[in-house]
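Same chain, two partners: subunit A is paired with subunit B first, then with subunit C.
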Partner chain A sequence: MRPLTEEEQAAVFSKLANYIGKNIVHLVDRNDEAYCFRLHRDRVYYVSESSMRLAISVARPNLVSLGTCFGKFSKSGKFKLHITALDYLAQYAKYKVWVKPNGEMPFLYGNHVVKAHLGRITEDTPEHQGVVVYSMRDIPLGFGVTARSTVDTRKLDPTAILVYRQADAGEYLRDEDTLF
Partner chain B sequence: MDVSAIIEAEAAKHSAIAVEKDSAVEIDAGLLTITDPNPIDSQSYSADKETYLTELAREVFPDGPLALLPKPTTQLPRAKPLPKPKPPTKWEQFSAAKGISKKIKDRKLWDEERQEWVNRWGVDGKNKEKEEQWIHELPDNADDDFNPAAAARAERKKRVAKNEKQKLANMARAQTSEQRERKAEIERTLLTTKSSTASMGKFDKKLEGEPKVRGVKRKFAPNEIPSEQEKKTSLAILSKLDSGTAKVGKKPKGDHASGAEGDGAVLNVRKALRHASGGRGGAALGRELGRNNSSRGRAGARGGRRGSSSRGKGRGKSSS
Partner chain C sequence: MGRRAKNKQTAPEPLPIPSEGRPKTPKRKAEDDGQQSSLKKIKSSGSSKGKEVPTNRKKDLTPESLGRGDVQELDLGSDSEPEADPDDFDGGVDSDSESDDEGPITATNMEARSRKLDAQAARDAQLDLGINQRQGPTDGSDDGDLVTFDLPTAEEREAEKKTGGAELQEVQRRIQDCVRVLTDFKALAAKSRSRSEYIEQLVSDISTYYGYNEFLAEKLTQLFPIAEAIEFFEANEIQRPVTIRTNTLRTRRRDLAQALINRGSVPIGATPEYLAGHYMLQAASSFLPVIALAPQPSERILDMASAPGGKTTYMSALMQNTGIVFANDANKLRTKSLTANVHRLGCKNVVVCSYDGREFPKVMGGFDRVLLDAPCSGTGVISKDASVKVNKSARDFTLLSHLQKQLILCAIDSVDSSSKTGGYVVYSTCSVTVDENEAVIDYALRKRPNVKLVDTGLEFGREGFSSYMGKTFSDKLSLTRRFYPHVHNMDGFYVAKLKVGRRAKNAVDSASREVDEGPVEVLQEGETLPKDESGFDEEADKPFVEEAKRKRMKAKGLRVLPRKTAVAAS
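Let's look at the complex of A and B:
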């Protein structure tokens, strides 16, 4: 476990900024307790300072996980967000997409969101914008990237993909062994 | 008084050194050199070179008109810069600070027992006295296998090693930054060449005592940083990211050309200028236009060019 280097931190922040924009400040500068980002075995954990200090005394091979896993660095140094970061993304998301009940299961099985399943979408969502996907009862299901801007969606046919899936809650079952 | 004898003697002396030559010798006073351009007698030269040359050469008379040149007064400038004073060693710095004056020790020491001068160090040196004496005092707590002679020798060798280390450290400290850079560069080059084989230097023959090449270890910030400090660095990175995106913000590829001009201009000025000037640039075009304005007669001929420039503008528009 170690703090992130400057480049790593920049990679994490720029990825997070796709979804929550300037709200990252609320993750870094919290009122309740000091939280920090720590890297352990290529995974980035968002962890409170007190539990980080507790984890220091655990030897590296014995430390399985700590705090909330936000994602991992690939071998080529790119950062990939995991579904476990959804709690924080959903809390601070700038752009949201709601899917209809008949679209929930297809999304949770790892499919993209098609227009037929789209319930609501934040107005003026641009193209290629990171969005958090909710069910109609406001339960966050995952996150993805928009394929079209809100304006362009009107002309599309019902089978057209609107949101490319990046992560969904179904990964908790599908990728249980490698997720955390 | 009859001085004719003296004058005659003097004249004879001069006639002895007066030389008859077909053409006069060339004198270069600057080099204090005389060159004889007269052709040599090739027959006698090839017959006996040595005697011929000695005959040709003028003998210096012991009391001939020799000029004793005064000592040269012109100072030749120094070719190399003055040597810089050596930077003080660590001990010199310390002794200067403490006001310790340097004591020069003699190489030889008086040995009371042997009643003679012996070397302080080196052959039969006084510093080896302890390890070479035939009887040793053993400390009370000595081990069974304690060898006092070996211990004394090890002690002396340790002192020598320490001095060597200090000397190297002083030398390293005395290096200028230039020397240090050069050394680092040489070492870098050496490392590169070492690993520039098909096996990355793995199967190359190693020299004896060659140090193992160690790479630079990555260094990370400690785990326990004050949370305030960590927060500050994170916020700094965030603000840098924000400003970075503001500067090099991604633009849709479609309106890149107009974006390059800023202000949402429709015309790509750079492209239009290049087209109008025939690839010679805006300065050449400006000069040409200036000439046009001064001479009316040619203005009509240049009109076509201006037309082409407007065409260039049109193309810039369509491409953007």
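Let's look at the complex of A and C:
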């Protein structure tokens, strides 16, 4: 467990900025308690400083996880956000997409969001923008990247993909072994 | 109605007629991981709306169990339901077809209906009982051949074994007869036969009929009065109702109930709400140790054996994500599902680590509360995992209770005895045997004089044994609680709560006095001590004696004075 280096921090923050933009400040400067990012075996954890201090006493081979896992660095040094970061992404998301009830399960099984399943979308969402996907009852289900801007969606046919899925809550079951 | 009434188990039912092939009935896997059946499968069958989707993985489903597949009884059932924290328990969502005549179930009428069903079940059971009571005595007095039930002799039993055992129906009848005789031994037993012969026959029949090994059948029979033991074995053949816990970190109970009711019949382990972490599939019994532990916000808590995380996430929710919970599990593989559950339910104050629990005070101490849900034989959850019936031997029990004794001492030592808000250890097992429960607690009480038993704060449950089969434990063991499948309709369980106090100074005095009282030699008048030729030098031995005394006290967990003052004082 160690703090992130400059490059690592830049990689993590640029990914997060895709979804929450300037709201990153709220992650770094919190009113309630000091939080920090820590790297442990390729994975980036977001954890309160008090928890982190206590977790120091756990030996490296025995430590499995602390706080919230945000994602992992691949071998080539790229950072990938995991579904476990959804809590914070959903809290601070700038652009949101809501799927209809009949689109919930297809999305949770790992499919992209198609036009037919789109319930609502934040106005003025640009193309290739990171968005958080919600159900119509405002339960965050996952996140992805828009394929079209809001304006362009009107002309599309119902089967056209609107949001490329990047992570969904179904991964908790599907990828339990590789996720942690 | 009938099926539900039976599942409720509000009152003892008489030994039912064995449906042929009962042991082979496919069991629904109620365990948490078991419920999370692969999404793929659900997807394939989920498209056809009317079709019911079973929540288990077993492929060889009988039509009957298919029908049961989507009956999701989410309520805790028994009347003795703990009212302590109603927000975290979930109300009943009952899609039982038999109760459809009363209109659709809504969140508002749900509880009332559940209560109504419970009441009816109780009435039915009373009716059953009444019939039995009426039949019981008349059978005894009128029917001649019932009174003179002739127990097979040893030779007959040998012969029976050679032919491959008696018919199941015959065995069942014999169990009933044995129970009847044993409940009124003086009046009904044959004069030439002893009680132990009847019991021996009964135990061997139980092991044949229910499929236990002889050792376990005997061990479990000894726990209860004979008639109750049969009820226990019967209850182990029936599944407990599925219970879920609302995750208060994410939603409220009312909202969740509404959402699930609207969803209709879907597998409970793969709804969007489940994946979003709004609830946890969790056996009713596993609420109990956490309720007993009563973690407070911003405390430091240790869960020594935590996978798959039902209790850990419950604690985290009770603490509202403040403080810190150390979730430990010795098995690295199991920490994966533990971590997944911790993240899914949004618990942000949890540190997951993988140590052998016995290393614990060395890794870290100073916890306000420690939960030890010890690894056990699982004799309380036979309805979930029937393999326990055959694969547990005397050696397993010795090894397990040894491990449990080591673990509980480690748990006690990990607690900060001067904690302002806590200083508690909760010990629980999903086993009903005495050597894994009361014996372990009694051992801990003897080994650590600064620890005392306190009330668990659970309003129901039977009292723990303070003596069992010739062993006498501390009287305080009546403060611990036992839970049984046939009484409380939840898994067999045991909960004890210990308060770890400071290592008292005056305890040192009493202990040293105890040590000083050696054997007293009584001398006759005028007799003098024979001169010791070997020549012990009292002065030279003194430091060694002192050192030994110190060691002994340390091992007992008493506070020892610093070496210099100890020597100076003496």
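What we mean here is this: the second predicted complex is superposed on the first by the 180 of 180 C-alpha atoms of A that agree within 3 Å, B and C clash if a C-alpha of one lies under 4 Å from a C-alpha of the other, contacts with A are read in each partner's own complex, and residues count from 1 in each chain.
The rule is simple: contacts are C-beta pairs under 8 Å (C-beta built on N, C-alpha and C of every residue); 3 or more make two chains touch, one makes a residue touch a chain.
Everything numeric here is computed off the predicted structure, so don't read it as measured data.
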Clash-or-fit label for the pair subunit B, subunit C on subunit A: fit
First (subunit B), second (subunit C), both or neither touched by A:Asp29: first
Three-chain overlay, vertex subunit A: subunit B-subunit C angle, C-alpha, nearest 10 degrees: 120
Subunit B versus subunit C as contact partner of A:Pro140, first or second or both or neither: second
First (subunit B), second (subunit C), both or neither touched by A:Glu6: first
Partner chain(s) touched by A:Glu49 [first = subunit B, second = subunit C, both, neither]: first
Which superposed partner A:Glu176 touches (first subunit B, second subunit C, both, neither): second
Partner chain(s) touched by A:Thr125 [first = subunit B, second = subunit C, both, neither]: neither
Partner chain(s) touched by A:Thr150 [first = subunit B, second = subunit C, both, neither]: neither
First (subunit B), second (subunit C), both or neither touched by A:Asn18: neither
In the superposition, subunit B vs subunit C on subunit A residues touched: C
Shortest span in Å between Cα atoms of subunit B and of subunit C, once chain A is used as the common reference: 16
Of subunit B, residues touching subunit A in the complex: 220-225, 227, 230-231, 233-235, 237-238, 240-242
Complex interface listing, subunit A residues touching subunit B: 1-3, 5-6, 9-10, 13-14, 17, 22, 24-25, 28-29, 34, 36-38, 49, 52-53, 56
Complex contacts: residues of subunit C adjacent to subunit A: 36, 38-40, 43, 46, 259, 270, 272-273, 275-278, 300, 324, 326, 332, 335-340, 342-344, 346, 348-355, 363-364
Partner subunit C, residues of subunit A touching it in the complex: 47-48, 50-51, 54-55, 57-59, 62-69, 84, 87, 104-105, 108-109, 135, 137, 139-141, 169-170, 172-174, 176-177, 179-180
